[in-house]
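In the two complexes below, subunit A is the common chain; its partner is subunit B in one and subunit C in the other.
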Partner chain A sequence: MERMFKPSILVFAALFAATWLLAKFGGAWFESPALAWLMEYPKSWVLPLKDYVSAAMKWLVEDANFGLFTFTEFTRAIAWLIEQPYEFVRAVLATGFMDGVGRRAEQIVPPLSWIAVTAAVVALGHYAKSWGLAAIVGLAFLYLAVFGQWESAMITLASVVIAVPFGVVGGLMLGLLTYRHKAFEAVLKPILDLMQTIPVFAYLVPILFMFGFGPVSALVATVIYAMPPMARITTLALQNVDPEIVDFGKMTGCTQRQMTWKILVPSALSGLMVGVNQVIMLSLNMVIIASMIGAGGLGFDVLSSLRRLNIGGGFEAGIAIVVLAIALDRLSQALAERSTTYAPAPAKTGLFVRYKRSGVVAVILIATMALGFFIPALQTYPEGAELSTGAFWTESVKYLNINYFDQFEAVKIFFLNNFLLPIKRFFLGIPWPWAIAMLTLIGWKFGGWKLGLMNLIMATFIAATGMWEKAMITVYLCGASVIIASVIGIPIGIWAALSPRAGRVIGVVIDTLQTLPSFVYLIPVVMLFRIGDFTAMIAIVAYALVPAVRYAAHGVRHVSAELIEAGVVSGCTKWQILLKIRLPLALPEILLGINQTIMLALSMLVITALVGTRDLGQEVYIALTKADTGRGLVAGFAIAFIAIMADRVISASARKAKARYGLD
Partner chain B sequence: MAENIKLACRNVWKLYGPRAAEFLKANPNADLEQVRQAGFVPAVRGANVDVRDGEIFVIMGLSGSGKSTLVRCMSRLIEPTAGALFFEGHDLRKASEKALIDIRRHKMGMVFQHFALLPHLTVLENVAFPLTIQGQTKAKAAARAAEVIELVGLGGREHYYPRALSGGQQQRVGIARSLAVEPELWFLDEPFSALDPLIRREMQDEFLRLQAMLKKTIVFITHDFDEAIRLADRIAIMKDGAIIQVATPEELVMNPASDYVEEFTRHVPRDKVISVGAVMQKGAEGAGEGLRMEGKIADIAEAVVSANAPQMVVDSAGKPVGAIDPETVINVLIGRVR
Partner chain C sequence: MKTTISRSLIGAAAAAVLSTAAVAEVESADPIKLTLHDWSGQLINTQIMGAILEEAGYNIEYVQADYIAQFAGLKTGDLSLAMEIWATTGQEALDEAVASGNVVNAGETGLNAIEEWWYPLYMKERCPGLPDWTALQNCAEAFATAETAPKGRYVGGPVTWGGFDEERVEALSLDFEVVHAGTDAALFAELESAYQREAPVILWVYVPHWAPAKYEGEFVEFPPYSAECYNDPSVGLNPNAAYDCGKPRGPIWKAAWAGFADKWPGAFSAVQAYTLTNDEMSAMVAAVDIEGQSIDDVVDAWMDDNEARWMGWIGQ
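Moving on to the complex of A and B:
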C-alpha cells in the first residue's frame, strides 16, 4: 500500500508544479495568436446557451398555452392563491385592513397592537421552554418596537409566516415520496442538489417573469429556497425511524396512510422539527434577500440605507434582522426540543383555567384593540418614545474612518498585494484546457471515473458558455476566503473542543452567527472597507467561518476516549496527543467542515456582488437587474457546478480518509 | 394438517441477493456452501416448523443465526424467498394485502426487543393504539387498554410517556400493547434481551404467570439458552439459517442432535430439566405416597435423598409406574447423566 501511495503523491506534486509554472509563465509562452486560445476561451466558440434560455423563457411567458389557459394565466393564478393569505397576515401584523386604494385608503381595522404581539411571543416562549426564553423573545420584540423597526419587522415576519408552512408541507411531501419510492429519490436528489447550490439570485429572474415584481415573487423564491433542506431532512428522519417501530406498525395492521401519519411522521417528529427550524431560518434569510424583488420589510430598509450610504439606518435595520433571527431561532428550537414525561388526563375545569396562557394573551389582545382606539400608544408604539441608535452608528463609523483610515487601508492593501492578487493571478493564468484536464484527473483520483467524467462535463460547460474567466475569479475569491476561514476557524474549533469553558462560549457565538441572514454581514464591512474584493472576502469569511469551527470541534471532540487513554498510557504529551491522535482522526470531519465552508462561501459570493466583485456572482446580479433570464441561469449553473465539483471531490476524499481509518 | 397446529412453516427460505428465487428453483436443496458460493446471504434455509396451539415455542440461536428473520417471515414482515406458511390452515403467503392487514389486526401480536413504543404517545395511548387502528372508539379502546395495563402491573402509570419509564416497565407496556387485541398468535422477538439480568428474571416469571392465565400460542425468540430452557414447551435451535433440532428442553439435554447442541446443554442444571419419569427404574417398587413422573428432579431431590430409600413414582392417573432411588437423584444433581 505504502509503495502504491508514494508515486501517486509525487505525480500530483509534479502536476501541481507544472500547473504553477503554466500559470506563472503561460501568458508569455502562449503569446502568439496561434496559441492565444489556450489562455482565453475564444468568443467564437462560445455556445450561446443563455440566448436559448432567454428565448425559451420568453416563449413560455408570452406564447405558451395549455389550451384552456396560458402559462402566464397559470402562474398568475398561483400568485393570486399565495397573495390572499399573505395579504391577510400582513394586514393582521403590520398594515391593518384597508378600505379603498391608494391615498384614499382608510384603515378600517388596525393591525395587532405591538403589546399583543409581544405578549403572544412571550407566552409562546414560556410554553416552549421557560420564563428565560420568554424574556429573551419578549425583549427582542420590545427592541423592535422601541427602536422604530416594528412595521418593517412585521412585514418581514408576515412573509416568513406565509413561506414557512408552504416550505414545510412541500418539503415534507417531497421527503415522504422520496422515502417511499426509490425511483423518485433518483430523480429528486440531483434536483435538490442543484436547487441548494444554484445561487438564489439566479432563479429570481425567471420567477420575476412568471409572477411579476412584488411580494409574491419573493415568497415563491423563498419557498423554493427553503424547501430542499426540509425534503432532505424528512427523508433522513423517516429512514432513521427505528425499524422495529416500522415492524410494529405493520404487525398492528396499519394501512399505508395510518403507517405514514400515525407511526412514521410522529416517530420522526424531533428530526422533522430540526427541518422546520431550518425552513424558518432559511426563509428569513431569503426574505431579506428577496427585498430586491419587492418583499419589503427589514431587508428593503437595509438595502435602501446601503444605497443612500445611510450608515446608521443600515445598522439599525441590520440589528433588527439579527434580533428577529435570534428570537425566531430560539423559539423554534425550543419548540422542537419540547418534551414532557407526564400528561395527566385533562381535569374537568373551565376553559380559561385549562388554557391559561392563551387566555391571558386573548385578554391582552382584546383590551389593546379596544383601548387602542382611545389611547393610540397601546396600538402603535408612540413615535415620540422611539429611540434611535442611527446617529451613534453613523458617528462611530465616521470616527473610525477618519482616525483609522490609514490603518484600514494598510491592512486592505497588504492583503490585496500579498494574498489576493497572487491567488488571482494563479487561477487566471492557468490555460483552460489544462485546468479542465486537471479537474478531470482529480475527480478520477478521488472518486473514480464517474466523478472524473462529471468534472470533465461540468468544467467544459463553464468554458463552453463563455464563463471561464468569471468562474476563475469566483474560484479565486472563494478559495482565498476559504483559506482564511479555515486558518481562523479550524484552530478555534480545536480550541473549543479541548477547553470545555472556551467551548461553551464559542458554541453560543457560532450558534448565533449561524442564525444571521447572510445579508447582515455586508453592512459593517462595507462601511469600513468600502467596496471591492477585500470587502467581499471579509464578508464571505465571516459568513463561512461557522462550519469550519463547528466540524473541527466536533471531529476533535469525538475522537474515541479509549484512543486518547491509550495515548496517555503510552506517555504522550498533550501536544503529541493533539497532533498524533486527535488531529489525524478528526481529519475527515475537518474536511467536511471545509466542504461546508466552500458551499457557504459560494452562496455568500453572490450576495457580495452588491459590493462590486467581478465574478459569476456579479454576472448573476447584473442579469437580475437587467431581467436577463438566460444570463442569470447560465451563470447560476456555473456557480452550482463549481460547488458540486468541490463538494463531490472533498466528500469523496473524506470518505476515503474515513475508510482508511476504519471509522465507518 | 393436524387440527391443533396454529402456524406451520414448510421449507421456508430467505436468501438475500439478486435473483435469489431463481437460484432456489434451480437448486431447491442447496447446502450452505453452495448458497454462499453463489453470493447469497443465507438468512433462513429450509425451515420446517409446526407451532402447536397453546404452546410456548422458543426459537433459539446465536446472533446471525437467522431467528429474527425466521420470525419475521412467519408474520410476512419479511417476504420469504421460497416456502409455504399456513396460519390456522390457511395459506398465509397467498393472503391479499387486505386479508393480511385483517389477520395482523385481530389475530397476531408482537413484542419487540427494543420495545418499539411510540414516543409521542402516553402509556395508555400506546396500549390503545392497535385498537384505535382497528377503528374502535377512543373510549372503548381506552377502557380495554386500562384493563391490560392493570394486567401487566402498570396501573397508575397510564399517563406517563414511555421515556419516563425503566426498561422493564417499557417492555411491560410493549407486552400490554400486544395483548390488547387478544391475539391468537403471540410473537415475542427477544423481549427480555435488552433488560438487566435481575429484571430479565422477574419479567420471565411475569411472562409465565401471564401465559398460565391466557394460554396463548407463542413464538418466542431468544439467544439465551437458559431463558429458552426456562420458558419453552419446545425449542427449535437454529444455526446459519437452518433449524438443527426441535425438541423439548428435556429431550435436548438427554439427546442433543449434534455437538453444537450439546455444547449449549452442557452447563444446563440437569435437575431442573430432567423429569422423574426419564430416569426412574421402570417397574421397580418404592416407598412413599408416590412422586409424579412428570415432576422435575430438582423438586423431589430433597425428599428422595433425605428418605434415603427408593421412592414410588406414579403417572398422572396416580398408578404406580416405577421407583427412583437416591443414587439416581444424586447422579442427576452432579451432572453425571447423559
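Moving on to the complex of A and C:
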C-alpha cells in the first residue's frame, strides 16, 4: 500500500509546483496576444446561456399553456393554496383577524395573547421532556416579549409554522420515492445537491415571477432551501430500518401502503425527526433573505435597522432570531427523543386529568383573551415595561471603533499582504485550460474516471459561460476563509471534546453563530475593517467555522474507548493519545467537517456580496437587483458546481482515509 | 372598563358601515397594492399616499417588494403602484417597463434626487479649497488609507447603481481609487465609522436621505452634468474623455400598473396630483431615522397638517 502511494504523491507535488510556477512567473509569457486567450477566456467563445435561460423563463411565465390553464395560472393557484393557511396562522399568532384592509381595518378577534403562547410552549416543553426544558423555552419566549420583539417574532414563527410542514412532507415524499425506486435516486440526488448549493438569491427572481409578490414567494424559497436534508435523511432512515421488521411486515401480508405508514415510517421515526429539526433550523436561516421579498418579521427588522445604521436594533432582532431558533431546536429534539421512547398509555381517567396540560393552556388562553379586553397588558406585553439592549451594542461598536481601529487596521494589512493577496495572485495566475486539466486529474485520481469526467464538464461550464475570473476570486476567498476556519475551528472542536465544561460553553457559542443572521455582524465588521475582502473573509469564517468545530468534536469524542484504553495500557502520554490515536481516527470525520465548512463558505458568498466583493456572489446579487433570471441562475450553477466538485473530491478522499485506517 | 368594550364594538360596526359606504363611492373595492422597500423615506412616501387613497375610500394593501424586482409585479398587475423610482438608479428599469406597455409613469413625486461625492465638514480643513472639485486634485493623499496610499480612497455605491466613478476619476485625473460598497448599509457604515473617529472619508451620498441630517458635510461641486458630457468625449474639461463632470440629478418618479387608471380612475388622478418637497421629506426621514419616531406617527402628523392639500388631490 505504502509503496503504491508514494509515486502518485510525488507526481501531485510536482504538478502543484508546476502550477505554482506557472501562476507566479507565467504572467509575462501570456501577455503576448497569441497566448492571451490562455489567461482570459475570450469573450467571443462565451456561450450566451444566460440569455437562453431568461428567454425560456419569459416564455414560461407569459406564454406557456397546458390547454385548460396557463402555467402562470397554475403557479398562482399553488400560491393561493399556500397563502390561506399562512394568513390564518399569522392572524392567530400576530395580527389578529381584521375586517377591511389597511389603516381603516378594525381588529375583530385579537391574536393569541403573549401569555397564552408562552404557556403553550411551556406546556409543550414539559410534555416533550421535562420542567427543565419547559423553563428554557418559556424563558426564550418571555425574552421575546420583554425585549419588544414579540410581534415580529410571531410573524416569523408563523412562516416557520407553515414552511416546516411543507418542507417535511415534501422531503418525506421524495425520500420515500427514492427508497422505493433506485432509478429515482439517480435523478434526485443531483437535484438535491443543486437545491442545497445554488444560492437562494439565484432563484428568487424566477420564484417572484411565478408566485407573485408577498410572503408566499418567501415561503416557497424557504421550502426549496430547507427540504433537501429531509429527503436525504428520510431515505437514509428508511434504509436503516431493521430488515427483520421489514420481513415481519411482509410475513403478515402488509400492502405497500400499510408497509410504508404502519411499519417503515414509525420504525424510522427517530431518524425522521432529525430531519424535521434540520428543516426548522434551515427555515430560520432563511428569515433575512425571505424578508427581502416580503416575509416581514424579525428578518425585516434586522434589515431595516441596519439600513439606518441602528446597530443595536439589528443585534436585538438578530438575537431574537437566535432565541427563537434555540427554543424550537430544543423542543423538536426533545420531541424526537420522546417519539422513540416507549411510554405506557395512561390509565383511563377523567377528560381533564388526561389532558391536564392542554386544559390548563386552554384556560389561560380563554382567560387572557377575555380579560385582555379590560387589561390590555394581558393581551399585548406593555410597551412601557419593555427593555432594550440596543444602546449597549451601538456603544460597544463605537468604543471599539474609536479606541482600537488602528490595531484592527494593522492586523488587516498583515493578513492582506501575507495571506490573502498571495492566494489571490496564485488562483488568478493559473491559465484556465491548465486549471481544468488539473481538476480533471484530481477527480480521476480520487474518485475514478467518473469523477474526473464530472469535474471536466463542470469546470468547462464555468469557463464557457464566461465566469472564470469571478469563479477564481470565489475559490480564493472561500479557500482562504476555509483555511482560517479550519485552523481556528478544529482545535476548538478537539478542546470541546476533551473538556466537557469547555464543550458546553463552545456549544452555545456555536449554536449562536449558526443562527445569528450574518447581516447583523456584517455591518459592525465593515465599520471596524472597512469594505473589502478581509471583511468578507471575517464574515465567512464566522459562519463556516461551525461545522469545523462540530465534526472535529464529534470525531474525537467517538473514538472507540477500547483503543484509547489500549493506548493508556501501553503507556502513552496524554499528548501521544491525542496525536497518535484520537486524531488519526477522527480524521475522516474532520475531513467531512472541512467539507461542510466549504459548503457553508460558498453559501455565504451572496451575503458577502452585500459588503462589496467581486466574485460569483456579486454576480448573483447583481442579477437579483436587475431581476435577470438567466444571469442569476447561470452564476448560481457555477457556485453549485464549485461546491459539488469540492464535495465529491473531499468525500472520496475521506472514504480512502477511512479504508486506510480500517474504519469501514 | 365596560365602555372600552362597547367602544371597540361600535368601532368595528362603524368601520363595517364605513367600508361598505366607501365601496359605493369608488370604482373598485379591490385593494390597490402599494410596494414597500426597506428605506424610511420610501415607506413614509408610500404610506402617505396610501392614507390619502384610504381617505378617498379606496382599499389599500402594502406589499414588501424589491426595488427593481417589483417591476415584474407592476407589469402583471400583482402590484399596482410604486411610489419611488429614482431617475438616478431606476430610470433604466422604468423605461424598459414603460416600453413594454404594461407600466405607466405616473409623474414626479416632487422629490429631487441628488447623488454626488460627499465629505464630512472636518475634511475641509485638511483639504482647503473644497467643495470645489479641483481641490481634490491636490489633496488626494488626505483621503488615503494604508491600502490605497498615496492615492485617495473614494467609497462608491453598489456596482448596480452605476455612477461611472472610475471613468470620472480617470477623466478628471483625480488620484483616487474607487472602492464599491455592496449595499447602502455598508456604504453608510463606512461613513459612521470614519465620522466617529474623524478619520478621512469621501463617499457617494444621495438625498433625500437621513445621512446629511445626522452628519455635517457637503457635496463636492463637479462641473455640472449634461448628457453630452457623458456621451461625447470632446465636451467638457477633458477633450479626450467622457464623464468629466458631475452626476445627473433627477426627479423621483411614481410608477403604476398600466391597468391602474382604468380600474381606479379617481385614485389614479390623486396619484398623479400627489407631490412632496425635498425639505418636507428630509424632515420626516430625520424624525424617523434619527429621532426614532414611528413611521405611523410621522405619517399621521403630515396628514393632519396638510389636510387642505390632500383634500384637493382627491377632488374634495
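Keep this in mind: the second predicted complex is superposed on the first by the 596 of 664 C-alpha atoms of A that agree within 3 Å, B and C clash if a C-alpha of one lies under 4 Å from a C-alpha of the other, contacts with A are read in each partner's own complex, and residues count from 1 in each chain.
By our rule, a contact is a pair of C-beta atoms (placed from the backbone, for glycine too) under 8 Å apart; a residue touches a chain by one contact, two chains touch by 3 or more.
Computed from a predicted structure; not experimentally measured.
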Kindly classify A:Arg307 by the partners it touches after superposition: subunit B alone (first), subunit C alone (second), both, or neither?
second
What is the contact status of A:Pro266 with respect to subunit B (first) and subunit C (second): first, second, both, or neither?
first
Contact-wise, after the overlay, does A:Lys356 reach subunit B, subunit C, both or neither (first, second, both, neither)?
neither
According to the stated criteria, A:Ala627 is in contact with first (subunit B), second (subunit C), both, or neither; which is it?
second
Could you say whether A:Gln258 touches subunit B, subunit C, both of them, or neither, answering first, second, both or neither?
first
Does subunit B (first) or subunit C (second) touch A:Asp242, or do both, or does neither?
first
Would you check which partner chain A:Lys574 touches, where first means subunit B only, second means subunit C only, and both and neither mean what they say?
neither
Between subunit B and subunit C, which makes contact with more of the residues in subunit A?
C
Contact set on subunit A toward subunit B in their complex:
242, 244-245, 247-248, 250-255, 258, 262-263, 266-267, 269, 339-345
State the interface residues of subunit B toward subunit A in the complex, per the touch definition above.
72, 75, 77, 100-106, 108-110, 112-116, 118-122, 129-130, 133-134, 159-161, 163-164, 187
List the residues on subunit C that touch subunit A in their complex, please.
1, 4-5, 8, 11-12, 15-16, 18-19, 31, 33, 35, 38-40, 50-51, 54, 59-73, 76, 78-79, 93, 145-147, 155, 158-160, 179-186, 188-190, 192-193, 196-197, 199, 210, 289
Show me the residue ranges of subunit A that touch subunit C in the complex, using the header's touch definition.
99-108, 204-205, 208-209, 212-214, 291-296, 300, 303-304, 306-309, 373-374, 398, 401-402, 405, 409, 413, 416, 522-524, 526-528, 530-532, 608-613, 618, 621-622, 624-627
